[in-house]
Amino acid sequence: MDEKRPLSFYILGAFFVLFLIFLYGPTFTIGILSFQGPQGGLTFPMRGVSLHWFDQLFRQQAVGDIWGAFRRSLLLGLMVMAVTVVFSVMAGMAFRRRFPGATVLFYLILASLVIPSILVSLGVGLIFSQAGWRIHWASSGFGAQLTWTLPFGFLIMLAVFNRFNGAYEEAARDQGANTWQVFRHVVLPLIAPSLIGVALFGFTLSYDEFARTLLTAGSRNTLPLEIFGMTTNVTSPVLYALGTLTTLFSFGIIAVFLIVALTVQRRRARRASDAGKGVA
Amino acid sequence: MRSLLDLELVSVTKRYGDAVAVNAVSHLFPAGKYVCLLGPSGCGKSSTLRMIAGHEGVSDGAILLDGRDISHLPPARRGTAMMFQSYALFPHMTVLDNVAFSLKMKGTDRATRHRRAGELLELVGMSHLAQRLPAQLSGGQQQRAALARALITDPQVLLLDEPLSALDPFLRTRMRTELKRLQRELGITFIHVTHGQDEALALADQIVIMNNAVIEQAGTAREVFNAPKSEFVARFMGGHNVIALGGRRHALRADRTRLVVPGAGALPGISDGIDATVTSYEFLGTHVAVGLIGPGDAELTAMLPEESFFAAPVEPGHAVRVGWHDADLHQLDA
Amino acid sequence: MRSLLDLELVSVTKRYGDAVAVNAVSHLFPAGKYVCLLGPSGCGKSSTLRMIAGHEGVSDGAILLDGRDISHLPPARRGTAMMFQSYALFPHMTVLDNVAFSLKMKGTDRATRHRRAGELLELVGMSHLAQRLPAQLSGGQQQRAALARALITDPQVLLLDEPLSALDPFLRTRMRTELKRLQRELGITFIHVTHGQDEALALADQIVIMNNAVIEQAGTAREVFNAPKSEFVARFMGGHNVIALGGRRHALRADRTRLVVPGAGALPGISDGIDATVTSYEFLGTHVAVGLIGPGDAELTAMLPEESFFAAPVEPGHAVRVGWHDADLHQLDA
Amino acid sequence: MALPALRSWLLALPVTAVLAFFLLLPIVMIVIVSFWGATEYSIYPAFEFENYRYLFGSAVTWRVFLQTFIFAGTTWALTLVIGFTVAYFLAFHIRSQTWQIALFLLCTIPFWTSNIIRMISWVPFLGRNGLANQALISMGIVDQPLEWLLFSNFAVTLAFVHLYTLFMVVPIFNTMMRIDKSLIEAARDGGASGFQILTNIVIPLTKPGIMIGSIFVVALVMGDFITVRFMSGSQTANVGRLISNDIGLLQYPSAAATAVVLLATVLITIAIMLRFVDIRKEL
Amino acid sequence: ASTLGAPMIWAQNIQNITLRQVGTGVSNLNEIAQKVKEDLGFTLEMTALDSDAATQRAATQPGSYDIADIEYWICKKVWPTGNLQAMDVSRIERYDQIVGIFKDGRLTPESTIAQGTAPHTVGFVDGPGSTTFVDEQSGWMTLIPTIYNADTLGIRPDLIGRPIESWAELLNPEFRGKASILDISSIGIMDMAMVCEAMGEVQYADKGNMTREEIDRTIAIFTEAKRAGQFRSFWKTFDESVNLMASGEVVIQSMWSPAITAVRSRGVECVYQPLREGYRSWGGGIGLSAGLSGMELDAAYDYINWYLSGWTGAFLMRQGYYSAVPETSREFMSENEWGYWFEGKPATEEIVSPQGQVLEQAGAVRDGGSFYDRMGHVACWNAVMDENQYMVRKWNEFIAA
């Protein structure tokens, strides 16, 4: 770029950096405190510096079962993710044409987004206990989380299909593809990037969901509940170690994602090079 | 002469809710011809084409191809293939895979379908770009790829909805020559929707002019251009003046419209014309189009060879007389 | 004759990173003329226009208007106004508010700015639609609104980037007449970017042909069409054949290219031409374009009046002889 | 004609079923239970208005609802200003899409760490001896630790802003990206200054995104109970906390009654906001 | 089943038995589960919850646990739901050795019974399936006591710098912005009552069962203090109390004994200050889910008997709690540990936590002295009052004030 950026760029840039610092405030604190010495606690001052708590993270805690809860949260997150993706796509497809009841359903889905999570938790818990069903993270908890992830997935799919060019499907049908083939070979690959977004969204929302699982998890805790339960005893910087690892892990994933994206981009660009071919 | 492979519309109607987009249209598309569907925006061209292709249901009437009623068959079983306006190439597949798509859907094995797709790419001169993604192609290349994809199903009728409108003028002229060549080589029917009359004239063996959901006139390019039936056709085809004489309307080709500057004396063989005023002129390279206002505020255009125009230029505001050979006047139906 | 109001580019360069989009272009745009910037895609037309408008910085060189260097002024203070390709009408404002926008920015009071905006809408014939939102207008109406908005600042130079490309062919021809009329009435400079040579020919007092980031040729429409300097200009303007004779290249207008069917005897005054084969013909209404292949696979076109073509039609594959009047041959620079 | 509708219904069925069972039914249940009675340890079916009578009769209810609205209002205003600015920066000042994505992802990383852990870490960050106070003191801005940084309404609002600004950034950014850049140029051509472009073009055209973000933020803040508890050191209450306290004490009918009122409040608020934007069109 | 094959089948099947225990993190410790696996062979699955959630589970989700580890005052609420089953004391080997507090309310035959929901008042029912508590030892127990303690105020002597002797100090303006109490209404109100009584502001007939008027006055006093900015924060979980104290946000607050230990193990000075007015006490116990039967029930009884047999008691006592059968724990503790933790004697060598952290140096004496000194000065127990609902509403008002 041979032009100077305007002053507003620097002012807004500074604002953005401040915003980032603010966002990362807790993350920094967690990062620093996770290196507490073995005698240290959850607050300042630091008592020595060590990797003690990272080591402890992989051992058994006094209370609770972080890794068991982690596995459950992971599994639940994956279940929620899969169902969110599939159901959202289906609903998104349904909404591509008008059908009687569409508006009502649309507002129901919106309502699902804005209804306070504790109400869902309370309601689902009540239903299950009044009906005498067993409350379990994979049934009631799963359902309660879906009321949160589905609307997000659905809205994203709605946006995606709003911009989806129907000519691709017509072309595929013209080429003899049946309904399923049209979906499998044309629609699905084209919306795949957005599906990754929906999946990530679904997983993250589920993985960190506290309120909706509070009364619906049953006998075994998900990770957020477990961490909350752990605070009923002496919790140690192990939690911070977990936080720091999570952050590093996310950085890793994003880095991998960017690298893959860039490589694919570059490979495609190379394939499209006209070098030595003469202009057609 | 009617061949078995003809495509026939029998009183085909398309309604969207209350609106009638195509109103009981009947027409026989002769086999192996290049047909252009021409008409102003919203006249029902696309709807007609999409009904033939099977992407739109027929509200009334029947579509016959090869003697069978195809109006209720799925698109792929009609013997038609469609090339879409913006080509609708699958952006996530290479050109080769795009072309081989319909064979893949049929379950043809990989080697066979790639070989066949390769042949069609060869036909449209795109073999060297088989591995590109559509986004990496220029407009003209995309068009050829789309053409190859449409042709791989061996259609009897190829339907093209404004295939050239996404190209720049330079490319447009080149691609239309190629389309015409391809049609001639393949010998199948092309039905090409456009709203450019020059495109239709250049390409079509038969031009079908639609207006307000019905067909106004159908015929060869020369018939339509030289003998427009209605004022609408004459105006829409361009290059015509419509002149009211003795209560009847007549079409007069603009290039047969002569200008006589008052006082310069009549030209031999030119009938006594009408008075007009020059409003503008446009240089078109070989010709100059002179805009005129005649009696009753009628807009007229005289198309003069540039050398004769510049030999005796007129400026806006000049009073002139407009004349013609009587043989060039063509009486209109309505 | 150089007037104070002229717009002058002095060795203007635009670089995007390493790529040079406009390479040391110098040109004098005479005041009050309709200038068309013509050239193939990517040649730097838009970049040039946007530098003049001030939406793109100048990498090197200067832009002078009215004797002042405007190259570092903000867009609104340059005395230019721009009409954008897709019109860029503010979708949340009525037509009237769109037109009145720049006055509002200046702090002009409501009554005054609405009055003035009303006048401009009057000028472009849009008064009755003043309260509509842009989305409620057709393409042609949007264009007029955009024009009114650009003109309200009383610019000395109006810049138009492909103003007609979003319209259908019918509307395109009508709107170009209106643009031309408006320019003539206002008497200000219009710089109009297009890649349609017919558009440029029809509109321009001066055509500036760009290629590869530089100006290839500039001149009146007739100069450029009748005396192309280079093969590129000849080919790009269309309607020309480029013929190599005696080691030099010559341009020959397609409508001055004659066909002689072997055995029919030479035509009077036609020089001894070259052998060629007919490859195609396109009916263009008043004319028929016959495609030919000459010696060395040179592609040629002969534009014949339709009546003379159909009097003695040739078919693809026929061998013919191509002739011309020597006076029609125009020798090219390169 | 009926066939496409049937197809759509079938496709929408799973979502409908999930929401019917896990959203509608529970809400119906809550409404029903809000008329029930409770003992210390159990709830019994009844049809009494006692829960509502108490709820509306208590000054606490009104105060807590007011507090909830105050939190929603301040958080909304702050997230709007911050979110808009950030989105504006990303949309109009960052030119390459790769950078936009990268910066955006950078903003999301803190949210991958469990919210509970982050809540705990506010104490060492904002506390009397926390990072923030230490930094302020060492920079000489204050000489006494600021007490109100933690366990205060300030802290609650701060945490809300921290949690929910991104919900504002995303929709605003999304709408901004769809503003045709030539509109900005056209405005500049018309002589608009940067600020005039902002007020006359960018803000009006970003309204749908602003509304969608606002709906998110308001709904989330009004339904929160955990942030308020942690960040105020249990010293402030909002409606969510009333409900969660009641739940903790097994007073489900009372919780349900409060929930019904909260639900009505949220739905009315959101319905009002929806009047200003057609979400389906703006997505 | 054939008697012959039984022992072998038992030994095999017991591997497959899993008992699910819910409770707070105070006693739901993984090391106990591990030891159970070692000693008894079956799997004990521990789910730690905060106290509200634990109560909820116990009361509303009977299917989600086999064993509930709850406090006695919570038992008063949960028992009537019928989610728990009474235990046959004849199957409890060390029933006789259980401390008197849990049987007749008296630590020693001469002690007076403290106010509040004393454990023995909700410790027995008149038979299996009954939901009414009885006052005498009926042979059917509701909860088997596990741990209990006497709570008082924790202080930071380094930051206070003078002796603290009365509960009344909690509202001393000197500590404005540096005090805290517990935000669990049933427990918090007791702390409040201790304070108000110590200040001489309110005289209670029974702190464990206040009248509306008493509740009003108590809450009013605290509301005023809250408005004046007396409190830095309230806390609800163990961890919060530790963090508040360790970070110096708070210098005086009601606290739990092991929390003090935790603060101290971080090298922060912290004292569990015995006060003139006595202690507020609490006790926890494990109850069996009503659905438990057959082999699982047998395993649960095995677990209870094992629990009382000493290892667990010693393990918990080393963290500052007391065990229901102290004598058995003695066998699992060193003389030094027993002397320090139970008898209130000066440590003869370092006192080490179960996790191996050094808690005290030789010579240190436990705050509050011996078991009898502490448990003998209990002023009241955590309670559920008759006016509980009224109290809870008032408490909410206090929080929202």
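We call the chains A, B, C, D and E, going by the order they appear; numbering starts again at 1 in every chain.
The rule is simple: a contact is a pair of C-beta atoms (placed from the backbone, for glycine too) under 8 Å apart; a residue touches a chain by one contact, two chains touch by 3 or more.
Computed from a prediction, not measured in an experiment: that's the story for all the values here.
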**Fewest touching-chain hops separating chain B from chain D** = 2
**Request:** Report the most central chain, judged by the distance from each chain's C-alpha mean to the global C-alpha mean.
**Result:** A
**Asked** Which chain pair has the highest count of C-beta pairs that touch?
**Response** A-D
**Prompt:** Roughly how far is chain D from chain E, going centre to centre by Cα mean, in whole Å?
**Reply:** 38
**Request:** For chain A and chain C, let me know how many angstrom lie between their CA-based centres, rounded off.
**Result:** 53
**Fill in**
Chain centres from averaged Cα atoms put chain C and chain E apart, in whole Å, by 90
**Prompt:** Hey, how far is the Cα centre of chain A from the one of chain E, in Å?
**Reply:** 39
**Asked** Going by the touch rule set out above, which residues of chain B reach two or more other chains?
**Response** none
**Asked** What parts of chain D, by residue number, touch at least two of the other chains?
**Response** 120, 123-124, 127, 129-130, 244, 247
**Prompt:** Where in chain A do residues touch two or more other chains at once?
**Reply:** 42-44, 215, 228, 231, 235
**Residues of chain C touching chain B in the complex** = 40-41, 168-170, 173, 177, 180-181, 195-198, 201-203, 221-222, 225, 236-239, 253-255, 280, 282-286, 289, 291, 303, 306, 310
**Prompt:** Considering the complex alone, what residue numbers of chain A touch chain B?
**Reply:** 165, 167-168, 170-178, 181, 185-186, 189-190, 268, 271-272, 277, 280
**Message:** Per the contact definition, I'd like the list of chain D residues that touch chain A in the complex.
**Reply:** 4-5, 7-16, 18-19, 21-27, 29-30, 33, 82, 85-86, 88-90, 93, 98, 101-103, 105-107, 109-118, 120-125, 127, 129-132, 134, 162, 165, 194, 215-216, 219, 222-226, 240, 243-244, 247, 252, 255-256, 259, 262-263, 266-267, 270, 274, 279-280, 283
**Message:** Under the stated contact criterion, what part of chain D meets chain E in this complex?
**Reply:** 39-42, 54, 58-60, 63-64, 67, 120, 123-124, 127-130, 147, 150-151, 229, 232-237, 241-242, 244-245, 247-251
**Prompt:** Which residues of chain A touch chain D in their complex?
**Reply:** 5-6, 8-9, 12-13, 15-16, 19-20, 22-30, 32-33, 42-45, 86-88, 90-91, 93-95, 97, 99-102, 105-106, 108-120, 122-124, 126-127, 130, 143-144, 146-147, 150, 154-155, 158-159, 162, 204, 207-208, 210-211, 215, 223-224, 227-228, 231, 235, 239-240, 242-243, 246-247, 249-251, 254, 258, 261-262
